[in-house]
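Beneath this line is the structure, given in structure tokens, with notes to follow.
Letters are used for the chains, namely A, B and C, taken in the order the chains are written, and counting of residues starts over at 1 for each.
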Amino acid sequence: MEHTSFVVVDLLGTLAFAVSGAVAARQRHLDVFGVFAVAYVAACGGGIIRDLCLGSLPPVGMADWRYVACVAAVSAATIVAQPLLDRLERPIVFFDSLGLGFFAVVGAHKSLALGSNVEVALVLGTISGVGGGVLRDLLVNRVPVILEKEIYALAALAGASIQVIGALNGHSTFITPWVAAAVCLAIRSLAVRYSWSLPRT
Amino acid sequence: MEHTSFVVVDLLGTLAFAVSGAVAARQRHLDVFGVFAVAYVAACGGGIIRDLCLGSLPPVGMADWRYVACVAAVSAATIVAQPLLDRLERPIVFFDSLGLGFFAVVGAHKSLALGSNVEVALVLGTISGVGGGVLRDLLVNRVPVILEKEIYALAALAGASIQVIGALNGHSTFITPWVAAAVCLAIRSLAVRYSWSLPRT
Amino acid sequence: MEHTSFVVVDLLGTLAFAVSGAVAARQRHLDVFGVFAVAYVAACGGGIIRDLCLGSLPPVGMADWRYVACVAAVSAATIVAQPLLDRLERPIVFFDSLGLGFFAVVGAHKSLALGSNVEVALVLGTISGVGGGVLRDLLVNRVPVILEKEIYALAALAGASIQVIGALNGHSTFITPWVAAAVCLAIRSLAVRYSWSLPRT
């Protein structure tokens, strides 16, 4: 887990989800601690579920001060820089999509690194990606992003799959995580932009 | 856990809850991946909570491909066979009741098999039974089935109790699971049919 | 964990949260088992999350019969003594505030006792304090108490911090837990009474 690539990817995912959580909290006009709390749940929730399922305890989102510091910095910056964020049309969707790919990659990688099989890596990669967003939305009472009409969890599964395929071929660390996260972001962004969706039932 | 009876009981519970989840997702007109996701949460959510609490990691619903395959097959079948299911008056309630008993039995059995005491077996049996349904309903924004007026969690507790009593008397494997699941299903079905309910407060 | 102070503090927190859950369930007119279920989730939910994150399995709220017995007794008493509770203006808020401090202290103490670092103790102390209340409110479909305008999670963090500071200075057991819980209760009560709140965003 401690390979530099994954530390960077994990940090970027944490940053992106923390912004999505802080913006969601601001839209509900929570107080400053509420902004921090929702940002923390969005940024670390998926990773905590992942670590619980892998038995990697206590979860890194609690045990490593850098995550909490990162969330605190992002919360403060979001409050100050709100006018900037308001220029984005849908800031929650944008930062959520960014984090989705990063966390899908980290989830898949960490599962394999701790000895789990390919299936666990795919399932936990996907859950790591979508978990923080679902918890964030439950907490601020938004419709969970996973139920939106555009492709969402499937993009995370695509990112996790590329990471797993790379790892099985011995290319897990340098290029693969970035390709996997980029593919996930691309799928999700295009789906939102062009309203791609799977057939409804 | 690997005694044939429990594998069959666990599989049947997974099938039944997957149908309940897939139908609930279809009623919300989710896309095909959404149907799979809700079916997976309903079918494996209770077991994942159970395995987290028992420290049996990674949870079997993630580590064993048969669960995911079962959920995928059920999701596809539900989408194709919708007209058939529509003939049932309340398909979610019916399949949910079926799964409730199977999972209460498996939860109680697995707790004892992994060395927990009788109380853990009763609590986790009940939580295994009701967990998937509660998560499913939170996800699709239905009123949680556990808050419905008819007897629900108490039926799961009855099933778990019979399994525990059987195990304490050395009869855990052949007849007991089926009797326990049948009693749970009977209590729940009769409660729905005749609007049995505990005194309200 | 087995020092008498913490057993008493933990028991008091369980009692207080069980009352808050039972009252919330009664306001939704759930049946008698529903009252027990919501009281159990409120009283033991935070501790179960704590024990999952610490790998202390099975969670004490399931493994120790005294918790279930305590919740059952409180549920029965709440149903009988409803007229008494109705005299309190906001009984859920009052008992929730009581339990908040007790559980923040126990969560911080148990984290340190099991070898976690200071940050885990602060995060898990806070989560132990607020967890049961958040789950209770999700279950009965109230607005989560943590999103209310008055100071809430910050009070739990204050209690956990005092306990951690005391423990670092070798005074973890006799006076510290009571001071920490009292400070938490005082902050929360004053915040509710005088509508203290952090700046909104």
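Basically, a contact is a pair of C-beta atoms (placed from the backbone, for glycine too) under 8 Å apart; a residue touches a chain by one contact, two chains touch by 3 or more.
The shown structure was predicted, so the numbers you read here are calculated from the model rather than taken from an experiment.
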Turn needed to bring chain A onto chain B - CA fit, degrees, nearest 5: 120
Homomeric contact chain B-chain C: same or different residue positions, threshold half: different
Inter-centroid spacing, chain C versus chain B (mean Cα positions, whole Å): 29
Numbers and ranges of chain C residues touching at least 2 other chains: 52, 55, 138
Of chain B, residues touching chain C in the complex: 52-55, 111, 116-117, 119-120, 123-124, 134, 138, 143-144, 146-147, 149, 151, 153-154, 197-201
Chain A to chain C touching residues, read off their complex: 25-26, 28-35, 37, 48, 52, 55, 57-59, 62-65, 68, 79, 82, 138-141
